[in-house]
Every structure is written in structure tokens, then in C-alpha cells.
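Two complexes are shown next, each including chain A; its partner changes from chain B in the first to chain C in the second.
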Partner chain A sequence: MIEALLQALINGVIAGTILAVPALGFTAIFAVLNYPNFAIGALATVGAYAGWVGNTVFGLPMLGALPLAFGVAGLAGLAVQSLAVKPLEASGALMMAIASLAAGLVLENILRFGFGNDLRGFELPLLRDWRIGEFRIGPQQLENFGLALACMALLWAFLRFSRTGRAMRAVADNRDLALLRGVDPVRVALVTVIVGAGLAGMGGMLVGLDTSVDPLTGTRLVLSIFAAAVLGGLGSIPGAVAGAIAIGMAEELSVIVFNPAYRLVVGFVVILIVLTLRPAGLFGTRAS
Partner chain B sequence: MTIMTRRTALIASASLLAMPSLARAQGAPIHLGTLTPLTGAGGPYGPVMANCVKSVITEVNGVGGVLGRQVQLTSEDDQTNPEAGLRAARKLIDIDRVAAIMGTWASSVTTAVAPLCWENKTFLTTVSGADSITALPHNGWLIRTQPNTTLQGRKFGEYAVELGGKKMFFMAPQTPFTQSQLANMKPPIEAAGGSIELLIYDAAKPSLRTEVDQAMRARPDIIILGGYTPDTTVLLRDIFRAGYRGKLLAYAYSVNQQMIGSLPHDVTEGIYTLAPSPAQGSGGFDRVKRIVGNDNPDPYTCQIYDQVNLVLMAMAVGNDATGQGIHDNIRRVSQGGGDKVDNVMDGLRAIAAGKKVDYDGASGPCDFTDAGDITDCKFRYDQVRGGQQTLIRIA
Partner chain C sequence: MTALTVQELTGGYAAADHVVKGVSFTVASGELVCVIGPNGAGKSTVLKLLTGLLRPRAGQVALDGRDITGQSPRVVIEAGMVLVPQERNVFGTLSVEENLAMGCFLDPGRAKARMTAVMDRFPLLAERRRQAARTMSGGQRQILAMGQALMSEPRVLLLDEPTAGLSPKAATDLFALVRATAETGVAVLMVEQNALQAMQISDRALVLVDGRNAHEGPAPALARDPAIRRLFLGGRGEGRMDATGTNRETSP
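Presenting the complex of A and B:
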């Protein structure tokens, strides 16, 4: 039983780390633009397809396909923001969230129209897991884990050291003060949407690497992404990472304890508990 | 001045009252609907099914339709989702006024849609297999061309024993047929001294590693996969990674050629599949092959081909293009002896000539019990060899 729990924890940490990448994108958009972008699932799917095309059509290796996933999903995110969300900005966060949800459905169906419902697999050899005593871990899992950590490190460096990254953090912390200091809100919003959607795209591709790509690849992740962001504190970057790893572990551990069919309940229960006891989340500073 | 007599007035009034029905008889189209999964887990099948029905109806309309009326088809997407299926069925019934809805695929969708159909006197034909569907109080308002899970479960159990299994592990998502499938697999397995365990997983999960770990701890010699294509793909990858070397047995609708093409050969090689078999070599089957442009049409397309043929012939034989007409007459064309026909064109000609018809179609004989189940069906046993589904036998 102890082995089963530890194996589930290992699986959960790896699954959570991959989930953290789109969760970071979701929370970054929320922090700067103040609305939950529910197109994040469809944007993850866009990234997964872009990476798949890069890999299978253009023969790109994974490290080459990831930036493509980032770029294409970033542009798709920009289109969602400009065409669907921005025109409703004056109507408030709820309308913007609904617009993003609708735009996500449109994106999903555009992908379906273009690629059909077929499952697409990356051109990668599928390797047997390594066994270390009673535990097992997959080479692809480890590679994805490393790629997810690298994505997060790049984001951290961007936010910490670049002028644009610092401007994004400033707007997220105190929008009015940032504007007084001369930060261009339109440019910051633009960059945030591209970075947030791009991260979602990379997350979608990482999930697709481990499984397969179809028009619902990202949509299946939306609840877990949202739960991770709420648990960490909507708008908190370190919170999204911690929340995603916690959700990943909780989902895997629940398989040992409960009937696996109830895994989805974990996400809902986490959201319910956090909103009841600590609406700001673990790392958040504002109750949203 | 012309004075209208009492008799003239009565004739004129009767004629006026009869005019709408005369107009209908001369031109108003007959409405039929398909409700297949164009998206979601059933997405590989639904579009082909809908196109097959469209093709049959186009052919019938080309010779003047049924009862002198053109047939108008509306195809909706159930998204392999009961909630979306229910909304689409409401649209087909309330707005399009269809006499029949054909082709519901997932058992959960059929279970949701069936009560709406019988309450609105709309006939339902389905390819879903869950036992519970024909046990619904539908009073003859549905038929299915797919064998139920009692039969399918027993066949799976018998085949697992034949493959030499003693410890079986059944992995499936939660569906209306999972429990009855397990219950019907058990008797042949236990009679052979074997055992079977069940693990229900969440089909939306992107990784099923922990679930596979649970299965590995049971050390099974056969794992039976009871899911749909997307979740079975995830499951197969994780089973391969876990180093499992035993046998795998799955539904042919999930381990299909599309899935086999999307996974490395090592992962799918050797998987045994089982499925209700279409009536290969029959005239109906050959017609479906021509319609879909494929030598190996899937069983659901063969079934919906039979469904639309039966619905159109039932309308013709009963001289009634309503759901009630199909309800009352469908068994008059599906069974009971008469001229054997395998397509609606021959059937309509025979009916017009006053002959009794007995339809044998692309999926099988299409004879139905009072509950709406088919009475006979063959099964197809395949194994994945060299990246291709290879036929072992049809029995």
C-alpha cells in the first residue's frame, strides 16, 4: 500500500508539473486582465496541434516544436482577445469570461474542421518505463517534466529580468500605480495574452506528447487548470505552480482511495473548499 | 344568380377541409432525422453513418420518394454526450418534426433521448448496446440493430477463456453497459475456474498511470479494455509503458484502424478484438461498401443503412409517414416471411406490387423481439497483426 501511495505521488508530481504550464498562462491572464480566460483549454489544443504539425510535417524535434506551439497558440490567444473579449471589456469580467468560453468552442471546432476527429500521435518512440525497485518512471514523463520546468524557469526569468516582464508584474500588483509610472497598458495586455496563451499551447503539447492529440485534448484539462489556479490563488504565479502540483497529486492519490470514476470530483471539491475557507487561495492576496 | 344547393355546399366544404391533406399528399416532404456522434468519442463513426442515410434517401427521392412525397433528412450531432444529444433530439422533434430519429450511438445518449421520443410519438432506431435500453418502458417506440450487452458480455467472457485466461482484469469508463457487461462476462469465466476484477476509470483523464498500476498489482493474464477510442488510446500507452506482457482484449469499435494508425505498432500488436459482425457477403453489405467507398464499412454504418431502409419501407407498407406508422408497421417489413429484399428500392417496388417483404440487411437478418432487440447476430474476431486488424473468424 505504501508503494502504491508513493508511486501515485510520483505520478501526481509529474502530472501536476505539466498541468502547471497552462495554469500559469491562465493565472497570468487573470492577474493582468482581471478575467478568467476559459478559452485556455482550446488554446492548449491549438498548441498541441501546432506542435504535432511541427513534429510530423516539418520533422521538428521536441525542442523545436515547443516554440512553434507557443507561437501559434499565442497568436490564437491574441485573436480571441481582440475579436471576442476586448469588444465586451466594458461589460465586465463575467461577460469577458463568457466570451472567452464561446471563443474556445469556436477554436475547438475550427480545429475539428481542419484536422477531423482523428487521434494524432507525435512521431516519437514509445519507451517502456524504467524500474527503480518497486517504482517506475517513464523516460517521456521525465523529459516532459524537464521541459515543463524549463518553461517555468523561462517565464520566471522573463518576469524577473525583462522590462516587459516587470511591467506585467507591476500592472498585476497595482494597475493604477503602474499606469502613473508610465507603463503602457495596451502593450502589457498584448504581451500577457500572447505569453499566457503560448504557455497554454506548450502545456497542451506536453500533454499531447504523453497521450495523443484530438480536438478535446485541452478541453479535458480546463477543470483541473481552473482548480489549480483557484487553489494557488487566482493571479498568483507561484500559486499556480503549487496549486497544479497539489491538484496533480490529489487526483492521483484519489485513485488509490476512491473509485477512479470520481477523480473529477477532486477538482470541484478543491474549488468548493478554497472558495469557502480561503477565497484568495493559498498564495493569492485578493479574493476574486 | 347562382343558388348553392345544400348538397353543393357540403361537397364544397368537404373539399375545402380535405385540401390540406391533398396538398400534403402531393408535395409536403416527409421529415426524418439522424442523431449520430459527429464529434466526441463516437466522432469517427457518426459522419459516415449520416452520409450513408443521406445517400439512401437521395436514391429514394430520385424515383419520387415514398408515398409520392420527397423525404427530407436533417442530421444533428449528439457530440457523444447525453446533454447535447437531448438538445439535438428536441430540435429534431419540435422544430424539424421528424417521424423517426435514427442512429443514436452511445448508450448514455440513447437512454437520455428515448423517453423524449416515445412521449412525442417519434420512432427511435439505435445502434447502442446497453441492456437497459430495451428494458425502458418504450412500448415499441424503439428498435436496435446492435446486440445487447448480455450477449456481448457473454461472448467476451467466452473468448477470454478461449484465449487461455485465468485472471482477467476489466478496465472501463462509467457507461450504462459497464456493469451488465461485467455481470455477463463472469459466468463463463468463473465456470472455467477463472476470476475477473473491475476497475472503472475517468475517461477524461490525460494519464491513467495510477489506474494501470492498480491493474498490474492484480497480475492479470488478460486485460479486457471496455472504453472508447480516446481513453483506450491513453490506457494502451500506459499499459505498454508499465511493461505488461499479457494478452489484451478490446471492443473493435475502440481499437479500430484509426487508433492503430495513431499508435506505435509495439503498443497495439497482438490485441484481440471482438465486435458484432455485419453480414459480410450479403447484398446489403455490398451496397454499403459502394456507398461509403470502403471495402470494410464499420458495423454502425451497416446498421444505420438497415434502419433507414426499414423506416422507409414501414411507412410505405402502412401508407402512413408518421412515427405511429413506423411503430405499427416496422415488423411487417423486417420479419415474418415474404420476398427477401436487402434495399429500400426493391422493397418499395415489392410493396407497390402488393407483395409481403422480409428485409435482410447489411448488419444481419434484422428480426426484432417485442422489446426491440435483434434475435440473431454474428460476431467478428480479429487480432492486430503488423499494424492491421486481421480477421480470425466470424461466428
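Presenting the complex of A and C:
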């Protein structure tokens, strides 16, 4: 039983780290644009397909396919923002969220028309799992974990050291003051959408590497992404990472106790508990 | 030399709602002018109209003779005028160093040199350079806000109630910093509720009532004016005044 628990925790940390990538995209968009972009799941799927095309059609290695996933999903995110969300900006965050949900459905069905409903797999070598005592870790699982960590490190460096990244943090913190210091919030919003959607795309590809790619690859993640962002505190970058790892572990642990079909319930339960006991989440301040 | 010239400035938050109704004044380089008046007189709105946060409906704003009426905040900063807002005037999640860098956002090439100069002037900021702004006290945050505004070497500094929420000691210290800033040659326009103390450190005072110029003149003279004391400082003639000079309503 102890071994099963530890194995679930290892799997949970890896799954949570991968989940953190799109959760970071979701929370970055929320922090700067002040609305929850529910197209994030479909954007993750766009990234998964872009990476898959890069890998299987153009023969790109994973390190080459990831930037492609970022770029294509980033552009799709920009299209969602410009065509569906921005025209409803004056109507408030709820309308923007609903518009993003609708745009996500459109994107999902465009992919369905283009690629069909079949499961697609990356061209990866078949490798045996590594055994460390009683525990098993797949080399691909570990590579995905490393890629997810690299994505997060790049995002951290971008936000910490680049002028645009600092401007994004400034707008997320205090939009009016950022405006008074010469930041163009419209430009920052566009960059944020591209970065946020791009992160979702990379997250979708990493999930596709771990499982397979189909039109619902990202959509299945939406609840977990939202739960991770709510748990960490909507708009909080460290919160999104902590929340995603916690959700990843909780989902894996739930499988030990409950039927795997109930795995999704974890997200709902976490959202319910957080909104009841600490609406601001672990690291957030906005909802309090 | 006149740095800021404002003529017949009119505007507000909605097209038909003019909070500010034809305000005019000037501020010279190295001069400290305080703007006082009752709540709702339009003091903070004047600052928003000057800096592009609100668009004036009429009037003219000139900086060193250059017309900047209705320009965006970016153009206003580039022209040399910076506002320190009353509330939320630092980026709480950013470090002191990052906050200062944001003050030089439009001219990043000079950020390093300017940061050294600002930290030399406010040693507290150097000591806390890596500290998140939200963890600082109210007085320390005001100093950071001032430092951030001075990063761009403005010719005109606008301060919106810089002592709001500060202890009397912190307010006195901050007023001394404001005075010292003016003496470096910067034109300072300060909106303040702490009217008596503000007038004690200012060269001139402008009293706004209902969005219009009501009184204007040398600050010490206005501070002694029984009418001003009665109307805005809560005193009756020369008599009543509390120690801090806080603006209090007088019972009828």
C-alpha cells in the first residue's frame, strides 16, 4: 500500500508539473486581462496537433516541436482574443469568459474536421520503464517532466529579466500605475495572450506525448487547469505551479481509492473547497 | 522659469459631468505649489486631466511651453511630467529595484545610472532593493513611489495626497523629502488634505472649490488668512487649529 501511495505521488508530481504549463498560461491571461479564458483547453489541443505535425510530418525532435506548438497555439490564442473576446470586452469578464468557451468549441471542431477523431501518436522510440526498487518511471515520462520544467524556467526568466516580462507583471499588479509609467496595456495584453496560449499549446503537446492526441486532448484538461489556478490563487504564477502539482497528486491518489472514472471529481471538489474556505486560493489576493 | 502652465482646464469622468470647471495656474521650476480644498473640489481630477488618465473637455496644458493637452500618459512622461497617485502607487508584487526600473520604463538605457542616483538619494531603497514593495510600511512605500517617479528625471512632479494614511512623523518626513525635491529644481504640484502642514512647506497654494480657482497666493499668507482657515482648515479665524493641521469639518 505504501509503495502504491509513493508511486502515485511520483506520478502525481510528474503529471502536475506538466499540468502546470497550461495552468501558467491560463493564470497569466487572467492576471493581465482579468477574465478566465476557457479556450485554454482547445488551445492546448491546437498545440498538441501542431507538435504532432512537426514531429510526424516534418520529423522534428521534441525540442523542435515544442516551439512549433507554442507558436501555432499562440497565434490561435491571438485569433480567439481578437475575433471572439475583444469585441465583448465592454460587456465584462463573464461575457469574455463565455466568448472564450464558444471560441474553444469552434477551435475543437475545426481540428475535428481537419484531423478526424482518431487518436494520433508521436513517433517515439519504445523504451522500457526504469525500475528503482519498487517504483517505475518511464523515460518518456521523465523527459516530459524535464521539458515542462524547462518551459517553466524559460517563463520565469522571461518574466523576471525581460522588459516585456516585467511590464506584464506590472500590468497584472497595477494596471493604472503601469499606464502612468508609460506601459502600453494593449500591447502587453497581446503579448500575454500569445504567451499564455503558447504555454497551453506546449502543455497540450506534453500531455499528447504522455498519452495521445485527439480533438479532446486539451478539453479534458480544462477542469484540472481551472482547479489548479483556483487553488493557487487566480492570477498568481507561483500559485498556478503549486496548484497544478497539488491537483496532479490529488488526481493520482484518488485513483488508488476510487474508480479512475471519478478522477475528474477531484477538480470539482478542490474548486468547491477553495471557494468555500479560501476564495483567494493559496497565493492569491484578488478574490479576498 | 514656468515649467507647467494650465489654462481654463475643464473636464471630468463623463462627457456631461465637469468636475473641474476652468482651473488655471502655473508652477515654476523649483517651486512647490500645493492644491487644497474640500472633498469633491476636483483636486485629484485635475491631476488625472494633466497626465492623460482623463481627457480634458476644454483648456490647455503646456509643459515648458509645449502643448500636451489631452496627450496619452506615455507622451506626458516623455515630455517630463510624472504623477505619483494617491493609492496603490507602487507595484506590490515587484521588488524595490524592479519598481524603480518601472519608473524608467520608457528609457531603459538610463535605468542603471538613474537607479544609482535615486538610491543614493533614498538610502532606504538601497537597503531594501530586493524586498517586495507590498512588505514595506506605508511611509517606506511612499518613498519608493517618489523614487520611482524621480527615475525618469521629471521636470514636473505631481503628487496626489502623498501623506494619506501616514503617521504624523512619517508625514513630516515625507513633506521634508518633497521640499528637498523641489529644491533640486523640479516643479512640484502637490494635492493635499493635510492643508496646514502642506502650506507650511509650499511656496504657493491654490484653493479649489467646486472645480474652480477660489484662492491663490503665497502659501504662508494664505495659511494666515482667517477666511481660508475658517473655510478649509476647520478653524474659526486665527483661533482653532489642531496640531497636525488636518482638514476637519467645522460644526455649523
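The rule we apply is simple: the second predicted complex is superposed on the first by the 287 of 288 C-alpha atoms of A that agree within 3 Å, B and C clash if a C-alpha of one lies under 4 Å from a C-alpha of the other, contacts with A are read in each partner's own complex, and residues count from 1 in each chain.
Going forward, a contact is a pair of C-beta atoms (placed from the backbone, for glycine too) under 8 Å apart; a residue touches a chain by one contact, two chains touch by 3 or more.
Every value quoted in this text rests on a predicted model; they were computed, and no experiment measured them.
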(request) Go through the superposed model and pick first if A:D173 touches only chain B, second if only chain C, both, or neither. (result) second
(request) With the two complexes superposed on chain A, say which partner A:A261 touches: chain B (first), chain C (second), both, or neither. (result) first
(message) In the overlaid three-chain picture, which partner chain does A:R163 touch, first (chain B) or second (chain C), both, or neither?
(response) second
(message) With both complexes superposed on chain A, which partner does A:Q7 reach: first (chain B), second (chain C), both or neither?
(response) first
(request) Look at A:G182 in the shared chain and tell me whether it touches chain B only, chain C only, both, or neither; answer first, second, both or neither. (result) second
(message) Looking at A:A69, would you say it contacts chain B, chain C, both, or neither? Reply first, second, both or neither.
(response) neither
(request) Specify the partner with more touching residues on chain A, choosing between chain B and chain C. (result) B
(request) With the two complexes superposed on chain A, say which partner A:L127 touches: chain B (first), chain C (second), both, or neither. (result) first
(request) Share the list of chain A residues that count as touching for chain B in one structure and for chain C in the other. (result) none
(message) Help me check something: in the complex, which residues belonging to chain B touch chain A?
(response) 39-40, 43-44, 173-174, 199-202, 204-207, 209-211, 213-214, 217, 229-230, 233-234, 237, 240-243, 258-259, 262-264, 266-267
(request) Please give the residue numbers of chain A that touch chain C in the complex, ascending. (result) 163, 166-167, 169-170, 172-174, 176-184
(request) Please name which positions on chain A make contact with chain B in the complex. (result) 4, 7-8, 11, 15, 112, 116-121, 125-129, 131, 136, 138, 140, 207, 210-212, 214-217, 220-221, 251-252, 255-256, 259-264
(request) Flag every residue of chain C that touches chain A in the complex, lowest number first. (result) 51, 53, 73-74, 77-78, 82-83, 85, 88-94, 98, 101-103, 105-106, 108, 148
